[in-house]
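Per-chain numbering from 1; labels A, B, C and D assigned in written order.
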């Protein structure tokens, strides 16, 4: 019994990791959004599984939140933004897909290297989950810094947040206050994002972050 | 008791500066402020004098303020008392002078609050008995004088001077802070007792010495840390310049003596090597730069650098003798140094007062625009002449006595065992002799150009004698210079309690020597008697004059200048300051300065005037400070790119740092 | 007969006063002698030896002409110069050591006294506000700023050998001959001669006989002076020469001086030997002067630098080891 | 800031009796008063009334915070009041109070110049209170999760306020702040989870495994590897909010483009609170003892921030951005101090935190007035302030002199302890520290002189604002430089001992 629990949790966490690899690999916005939705669903599954094996019902709430918000609402909203702003579908990457993947692999290795030596009294399950979560977080960050497009950066941040949820649920018996705060922060995050994207829309008709950087306070003093 | 008086003086001065803030909107406000400062300084003077005169034991008192745990401690021992005396003497004279001079100040609000605060700061430095209060007072002194330097802030060069000044002052303070940190140790015994008790090892002591030399030296104006001094001292109002040159540099020397001789214990001989070499170089370079100046006050500032060098020579000798246990010789050298401290405080104040009088009478600091002031400002001229003679170390005035004592100390130097010192001391003696002679040339120039000859500008032609307060201040100092010159004995004895503490011995009683002469070591070795010299000179001079007038003729006729039969009415034909300095510039110009002489000679037939322009630059700028400033700017320029990265790149920075730290954790065993 | 303290006091006072008057009396004569000898060396008859006395007398009785803008300093300076030089000369032991006031100023003080006089004269030179005065003062101070350190180094070397800066003590030590011949003493002598030549405005540094020449130094400084003031300055110059002669005599050939026991014959021998020494020096000086040519102004630094170097070397040797 | 022992004694019973009659304890009040104010202010359309209420609410919060000093120490699994946070709460509420006074006079001018509209002021005041409440929560939280929540809410509210001018620069600054801030949020949260994992193995599941003080007792049993990992994430996460280089990028623009009161609160309070959070975890590491050397990491980060910011100061053209960099510099000094550790250095660090928040907020008050009277933030366009506006010039001058570390101000006291003790222990580090200090000093004084002296520039109109907050802060800093009250010294010593 213990085994099957472990294996399923492992499988789901692994799938999340794989999905964030796919995210790294994608170079079309629509595809990125879909993959992200997929990852969110995988996340909610894994959270639900955790809720089941830890018999911690409150985690089902988290799973539901993840499924609803990240699996459905946010991807749709982002699709709408993309359509409304008419962002060209190609994502210009800073470094090519190949090096990015290699870096991702390196990060996975690093996270495993970090977590494995952790002392025995931390449960194996938590440890494995932790390794995956850490990898997902780092890869989300990697995605944010290898994409020039604001929407993809948002997505990268979201997948980073997925990693957080994964870790949080992996931590046995972590009080509910935390999940709520997570969801809370994610909501705020998204709200603020929306506000900003629209502001940016009416300011610069683009969401390319480089465009923003032209408007730095001191830059004009150079001329 | 006197220690309390000293602290009350500080409190009173702070009160006065607060009052200055309130009063300064009225034009007459300078009178009460300076008068009150005068009274307080006199009180402090009396307290210090009393302590030295009665030979009271050191007295300490602590207040529950300042550094948590340590508290603020104050102590009055002979050394502190002597410097307190010098400080308040200078302060009193400056305040008296300012009673008249103050009315020329345009914006009282920029001077009146800071002047008493400045005095308070200097008094506090001398009284402080723990590292924290010492540094607070030290920096407070710098800060208030910085404000005074900037009192005339509309001249860009004053602002620059203020900047350089405050920056250098803070570097010095930080050097002292490091020194104290080393002395106090990791668990912070910041009181001077604790520091005295803890004997640092040789390396630490050497490090502390170097730090203190640079910290106190930068405040005193040791070459090459002197660059701020000739900028800042002239920029301030003249009574403040007098305090900065005459007193504040002495406070710096007090700091040096306090830490090196008192807190650090017995010095090591190689310290004296460094102090001596720096002192000698400072003495000569200072006076050479002074010779090159056309700005009267800047000339005086550079001559301050020279005198600081002389004092450091004395201190260096004292260290050398102390390190080898030659206590009597150490006492002699120390006495010479302290006496020169006292003397320089006197005549440098006098000279700055005179310069202030010239500035307020003519509005000119540039000597090339002056001349013939001896007719327009007769009293000032006399006082200034005495100051010039005194600072040129001419008998029978006081400057000579201290230099004579220094020479005597140098002549004892043969007894030192270390070869380094044996080579250094004669060289320093030569440098000292050179600086003395050059100082005479420098002040002949200063006086001859500014006060003698024919006026070179309308301002100088229409100048009129300054007010009574200023004149009385100058006259008093001039008299003091004379008194200290002809009766040095009592002053030397007065210094002995101070010297005793650090040299371990004292000079023989001087006051009751026959004919009131001073005999530092033994009458068979050397003795000097200013009183008799004066007597002889007066009798010889007066007798001759009388005889000539009586027996020969006293007929006198006024006529035009002869000038070899080619008199030229234009005052421009006179020798100018730069032309006076030209021979010496030629002699030393190649080696010491970077002299740029640009001649613009019109071709024959051209009607325009020819131009000759000399630019003398202080090599310290070229060699040290210029490169440092350029380096800082280059660094900031290259780092500044980080202000203009894209968000993505900033995220990359964060990410990179995170990964780096994770690798560290992974690698950590 | 019993000698009471009062009488000894009187005797000592008399001795001191005698020396004071002696130097004053012989100064013009010395000048005359040098001029005479120089003239002879130049195959001229030359003025009579006592001519300087006559010159002084004449000047003293002429009215003094002052520029309109001449200040009190201009009139005081000559007397001050004269006084300092005279006092200096009177404090150098001539025929006897341990005179009453000999201790009141040591060698350093005497050098400084001369500096005081020079200071006054240089200022006076700038008082009238002429180009010549300025040139003179400026060059005088330049020379002094090099000569004075050299002189002080000479003082150092002597003082280091004798262990004192007190002229009488120096003489009383050297007179015993216990010191012997010293390398450092030789160097000091060399430096001393150089300095003396420069300080007394003699060839090759300056030409006392010149006028209206851009190379003149001392004469340019006193160009505006006339009458009694000029007389004072001339007298001071003569006294200065005597001072250096007697300094030379006292430091390097102190033999024959009257020492502690002062009675008539010791004093007389001292007097005779002193006069003889001065005479010899007064003969040697013009010979040297005629042998060399005057230098350009900006050669002085090298000349005096040589003196400085010699003095410094002497002092170094003494610091390194006492046996040099 | 803190009354002397005498007034403390006679003040104690009256305050106690006052709070006895109220339904809430001071501890609840520091969070509840702002919460109530948020709702109220969000509803009030009149901006003058809003400003007044803002001041009132802040004043009440300050009262509550100050009376925490006299209330007995308190702990639960959620909240805690101990030596460390009690004075920080007082400080925070105090600065929030004075800043609200300043902002009341400031926004009036902004309305006149039309940079802000009353509608935005509604958000502004509500957000201001929200931020204060959040920071107080973060300070009094015992539960590290709650600490995190408080800090994040504070950050997000400031993000919105930074963007409130809606100029391209403001939006861009807010955007940058938001992106970097939320990455920080995420990383810090991960760190928190890791800490919980460590604690949960020792203390069992549930709240006590997130309560800071229980963790501190059990810290020795934590897994060092995991704890180190947690600390790294917390360092990067909270360090971003502290503004340590190289996580500093958001800070200068956020300070320069937002309203000046927000700049004051950011520099004065938010950085402190973030650092406070970091220190809470450093205590746990110190108590564990087998982790990576947190001190070393802090020292390195501190030196990097100090020297980097010091050089950046030279080329700043915007006066607010310059002082923002000076905040980075001082955060670097403080981090360095805590990295050095030991009683003296820790004491210095705590003192420096307090002094910096008081001084820097005072400077921003002054800068706000300057920017308003001169109509520009460009240093090059501000000249001769001492001639045109003497009082303001004195305020700014004293502020900069204090922040530059000159006596007799409090900053000098802390730098004195830090530099001297460091030189006695690690001479090389002290030399680097002094180097940074001198470089920064040179830049600050250079700009200060440019601004204060020379021929006056711009309009010479009077200032319609109260200097009370400005000079109150300066007076406190001066007083602290001359005399630290005994209780404060006691608290600092206690905390310094815990910091290891």
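Criterion: a residue touches a chain if its C-beta (ideal position, glycine included) is under 8 Å from a C-beta of that chain, and two chains touch if they have at least 3 such contacts.
Note that the coordinates shown come from a computational prediction; the quantities given were computed from them, not determined experimentally.
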item: Chain whose mean Cα position lies farthest from subunit D; value: C
item: B-D or B-C, whichever has more C-beta pairs in contact; value: B-C
item: Rounded Å distance between subunit B and subunit D, as computed from the means of their C-alpha atoms; value: 44
item: Subunit B and subunit C: spacing of chain centres that average the CA atoms, whole Å; value: 35
item: Intercentroid distance (Cα basis), subunit D paired with subunit C, Å; value: 79
item: Separation of mean Cα positions, subunit B and subunit A [Å, integer]; value: 69
item: Numbers and ranges of subunit D residues touching at least 2 other chains; value: 175-176, 179, 183, 187, 225, 229
item: Contacts with two or more other chains, residues of subunit B listed in rising order; value: 643, 645, 647, 651, 654, 658, 662, 665
item: Multi-partner residues of subunit C (at least 2 other chains); value: none
item: In contact (per the touch rule at the top): chain pairs; value: A-B, A-D, B-C, B-D
item: Sites on subunit D touched by subunit B in the complex; value: 175-176, 179-180, 183, 187, 225, 228-229, 232-233, 235-236, 240, 246-247, 249-250, 252, 292, 297, 308, 311-315, 342-344, 347, 384, 386-387, 390, 401, 406-408, 412-413, 416-417, 419-425, 427, 430-431, 434, 437-439, 441-442, 445-446, 449, 452-455, 481-484, 489, 492
item: Subunit D partner contacts - residues on subunit A that touch it in the complex; value: 114-115, 117-119, 121-122, 126, 130, 133-134, 137, 141, 144, 153, 157, 160-161, 163-164, 167-168, 171-175, 177-178, 181-182, 184-185, 188-189, 192-193, 196, 199-200, 203-204, 212-213, 215-218, 221
item: Of all residues in subunit B, those that touch subunit A in their complex; value: 643-648, 651-652, 654-655, 658-659, 662-663, 665-666
item: Contact set on subunit B toward subunit C in their complex; value: 371-372, 374-375, 381, 385, 389, 392-395, 400, 404, 407-408, 410-411, 413-414, 419, 422-423, 425-427, 429-430, 433-434, 436-438, 440-441, 444-445, 447-449, 452-454, 515, 517, 523-529, 532-533, 536-538, 540-541, 544-545, 548, 551-564, 567-568, 571, 573-575, 579-584, 586-587
item: Complex contact set, residues of subunit B against subunit D; value: 64-69, 109, 131-132, 135-136, 139-140, 143, 150, 153-154, 156, 159, 162-163, 166-167, 170-171, 174, 177-178, 180-182, 184-188, 190, 632-633, 635-637, 639-640, 642-643, 645, 647, 650-651, 653-654, 657-658, 661-662, 664-665, 668
